[in-house]
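Common to both upcoming complexes is chain A, partnered first by chain B, then by chain C.
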Partner chain A sequence: MTEKVLLVDDEQEFIDTLAERMRNRGMEVETSTSPKSALKLVEDGAFDAVVLDLQMPEMDGLEALKILKEKRPELQVILLTGHATVEKGIEAMKLGAMDLVEKPADLSVLTEKIHKAQAKKMILVEKKSEEKIRNIMMSKSW
Partner chain B sequence: MNTSKFSIHAEDGIRFFGETTASVSHEIKNCLAIMNESAGLLQDLVMLSRKGKPLDPERIDRIAGQISGQIKRADAIVKNMNSFAHSTDVPEKSTDMGEILSLAMTLAQRSAANQGVSIRFAPPQEKIIAVTHPFFLMYAIRRCLDFSIKTIGPEKVVEVMMQAGEGNIEIVFRRIENPDDQNLKISFCEKLESMLEKLGGHLLFHDLPKGISLVLNRTHQK
Partner chain C sequence: MRKRQEVFNFRRIWLLSFLLTSGFSIVPVIFFAVIDYNVTERLTLSDTVFRTSRLTSNTWRSVAFFLNERQSALRFIVGENSFEDLNEPRRLSKILDNLRNIYGGFTDLGVIDSDGLQRVYVGPYSLIGKNYSDQQWFRNVVSRGIFISDVFLGFRNIPHLVIAIKYKSADGRFYVLRATIEHNLARILSEVNTVPQDSAGIDSDRKTDVFLINREGILQTESSYFGNVLKKISIPVPELSDETEVIESHDSFGADLIVGYRYIPETPFILMIVKDRNILMKPWRESRQELIQYLAVSITIIILWILGITTYLVRRLKETDRRRVKYLHMAEYSNKLASIGRLAAGVAHEINNPLAIINEKAGLVKDIFHYKKEYQHDPRLMETMDAILNSVERCSRITRQLLNFARHMNVSVQQINLKSLVQEVLSFLAKEAEYRSIDVVVDIKEDIPDFESDRGKLQQILLNIINNAFAAMTTGGSVTIRARAMADARVQIEISDTGCGISRENLKFIFEPFFSTKTEVGGTGLGLSITYSLAKELGGRIEVESKVGEGTTFIINLPMKLEKKEQ
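== the complex of A and B ==
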């Protein structure tokens, strides 16, 4: 199944090139250089994974991560960073990031993480649906 | 300078060095990331051509241009980093003040942008030369800029300019909304006190238009 990915980074050349390479590998990719418009895209589209830069002018990556997870708890976020400090990594994980990848990223590593993100998201969505069905069943007196 | 003042000064000086080098290394990593993806894209295109998809020379040319553009960008970043590192070489030297201010602004650009602030910097029309300690001067400039960013107005723009007067050089930071925040002001002044002593300078707080000035005594030489 095709993975649907959103790339968010303020470096236009970086996301354009990375997106093209990911599309060459069969992924469906949308891009945004602005965290604020990325939040809007997430509201409108069902992404399997969001690859998010940790440092952006408009909004800190961790702040964006927090809002993304509030909006879509099942969303899998992979953070990209120039250089990850241990503290930032821990903070990101606490906020619900799936993983942290250092720039320059190895595309095969990133692709593998996106596969995992898709699988993880599917499990979460299935669980949510099961729960929903169970609640409906419990609320009806059949 | 007493021991506790020296300790604040040394700690914050090291912090400034760390902040600057961390920001520069992030920028270099961004250049490397683009070069990495561009090289990867070239490999992808070669692989596709082996499978029968013809190579488009224009496309290859554009990707090569992208790589050389990033090499130029990284080179400029490293040159600035090198000038910054060498600013600690000697205690005091005859310095092009406009050049130092320009370097300090360039190095602070990313940090300001990350806080949603843009810097409008106009270099001085004429060369302004003075004997000073370039590293300490950049430190003082950066802390003035940090204070300006913390007290910025809704436009989120700091205007920075340098002017030479009779016996002094003034670096002005404008468009600050609330420089009268007492807590910020006290900690800012305390942080810079001993450094300004060393540089032979003082701070001025303006009301109309709101802003601050870092004033350096031109005749101050050790």
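== the complex of A and C ==
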């Protein structure tokens, strides 16, 4: 099963290359250089994981993360950061980020984390559908 | 070598405050002492003059009474006895006996007629028929009616005086009754002398000399100052006066004298009382001396006290100023460090992004090589790509360290693994060590547990000391870092080098701010000072051992648990 990943970073060159490498490894990748367009993309399609840069000119990564999580709570976000600051990391985790990867990231590490994210999301989605079914079963009388 | 920026001239402040304070406290004391000295001297002197005057008057009264008494006795004899009676030697002899019994001291008695011829005489000598008509005293008694002679020494060397009175007989002629009196004025005077004069009981009159002189200045009684009877006194005869007078004079030895005197009327005598001014003033002088001693002691104490206080205060001021300058520089330095940290963080962050791109591009190229058959078997391509990726990895490690370093400007307590921390610090210095072929030996015992401390500060401490160790060595040599856990929950880290060492004099100053032997190559003299205060902040201490030419060892002793400081 292919993972559907959204890359968000203000460096075009960086995400293009990263996207290409990930596609080469069989992942379905979409890119966005601005958090705003990323938000739109998230609304439209279901992604298994979002790789988000913490520092972007338009919107702070943490803020983008907050909005993303509001819209899609089940979304798995992996943060990319140049600043390996503990405080920001902790804050990000509190806001619901799945993981934190330091830039420049090793692709194999990132891939592994994306795999994990997909698995997690699957569980979440399954749980959700289970709940839905249960709800339907509870609410409808057969 | 040592640079001090001092705002104040402390030597001048010290001198000024010392002089001003002592001046203001000592001048009034001396001023009052001088006033007191003069006032009391004047009072004592006038008191002495008054007492001398009183003594003179009293004594004069006694002496005058003595002479008066004898004159009256003779007058009574003349009045009571007829001329015939007195001309009778037996009768006269009886009178003399009575006089001797009642008054004492009468030696002889005689009657002289108007021609100066001794008519009757009773006494030890045979003077009958002697003619006195040409003698001065006879002429005096004839003209004045009474005569009291100067003192003269009789045959037994006893001072005598003569009292003669003129009286008229029934036949209108006059006769003279003449009596020689063994003169015991000295006894009267000495009696006066021994009467205590001083109500306070001070024996100030011991050297009081009471005596009589005649108008030529010849002593009529013995004087302890001027010698025996009939000698001339060495001070001028005082001026004639009806009253008791007190004058000041000097004797032949130059001693200051206070002289009280009074003329005794109808006699040639002048009563003199002489006191030694120095002896009179002695009690006063002694009390003054005591006062002056007390003054000297108090002034000494005051000066010592002011000296102490001034020195203490100025030293405190100096210390405070020194500390102020030190903190100023420390603040400047930490400011500098902070801005360097910010700059480093900014640079590191900016470099991270292009580094990420390089990383991904290189990864992509590697991927492409991996999938394309024609490149797959070219090992050189793969090796090159790996080398690029390795370099990127190294760069990212450097930026991470820079960020790490900059981040630890704030205080935070963390669990620390000493070994990894030392490795982290050494990674900053590894290149330099390699270039200068310095051998870095790390010997950290495995039994050191992770302990609580401030990571950034500990890093800085180690970095500073290892940097110093490197600076002490030219090329070659080795730095050894040892660490072990101590019994009392402390960690001891030893950093020794084989460098040039520190001289004994300099060793005392090395933790002092602005002490540097590297000023010409840009040393601030703050490195070790900051290191020291950082160690103190972590509750630790730093010691140094050094031998010139052999090397230096810094011993850092840190607690394993950081005591919470009140914020």
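Definition applied: the second predicted complex is superposed on the first by the 142 of 142 C-alpha atoms of A that agree within 3 Å, B and C clash if a C-alpha of one lies under 4 Å from a C-alpha of the other, contacts with A are read in each partner's own complex, and residues count from 1 in each chain.
Convention: a residue touches a chain if its C-beta (ideal position, glycine included) is under 8 Å from a C-beta of that chain, and two chains touch if they have at least 3 such contacts.
Please read all numbers here as calculations on a predicted model, not as lab measurements.
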item: Room on chain A for both chain B and chain C (clash or fit); value: clash
item: First, second, both or neither for A:L107, with chain B first and chain C second; value: both
item: Contacts of A:M56 with chain B and chain C, given as first, second, both or neither; value: first
item: Which of chain B and chain C A:E13 touches, first, second, both or neither; value: both
item: Segment of chain C intruding into chain B (one of 44-52, 350-358 or 458-466); value: 350-358
item: Touching both chain C and chain B, counted on chain A across the two superposed complexes; value: 11, 13-14, 17-18, 20-21, 24, 55, 82-83, 103-105, 107
item: Chain B residues touching chain A - in the complex, by the definition given at the top; value: 22, 25-27, 29-30, 32-38, 40-41, 44, 48, 63, 66, 70, 113-114, 116
item: Chain A residues touching chain C - in the complex, by the definition given at the top; value: 11, 13-14, 17-18, 20-21, 24, 55, 82-85, 102-105, 107
item: Residue numbers on chain C that touch chain A, as the complex places them; value: 345, 348-349, 352-353, 355-361, 363-364, 367, 371, 392, 396, 399-400, 403-404, 407
item: Complex contact set, residues of chain A against chain B; value: 11, 13-14, 17-18, 20-21, 24, 55-58, 60, 82-83, 103-105, 107
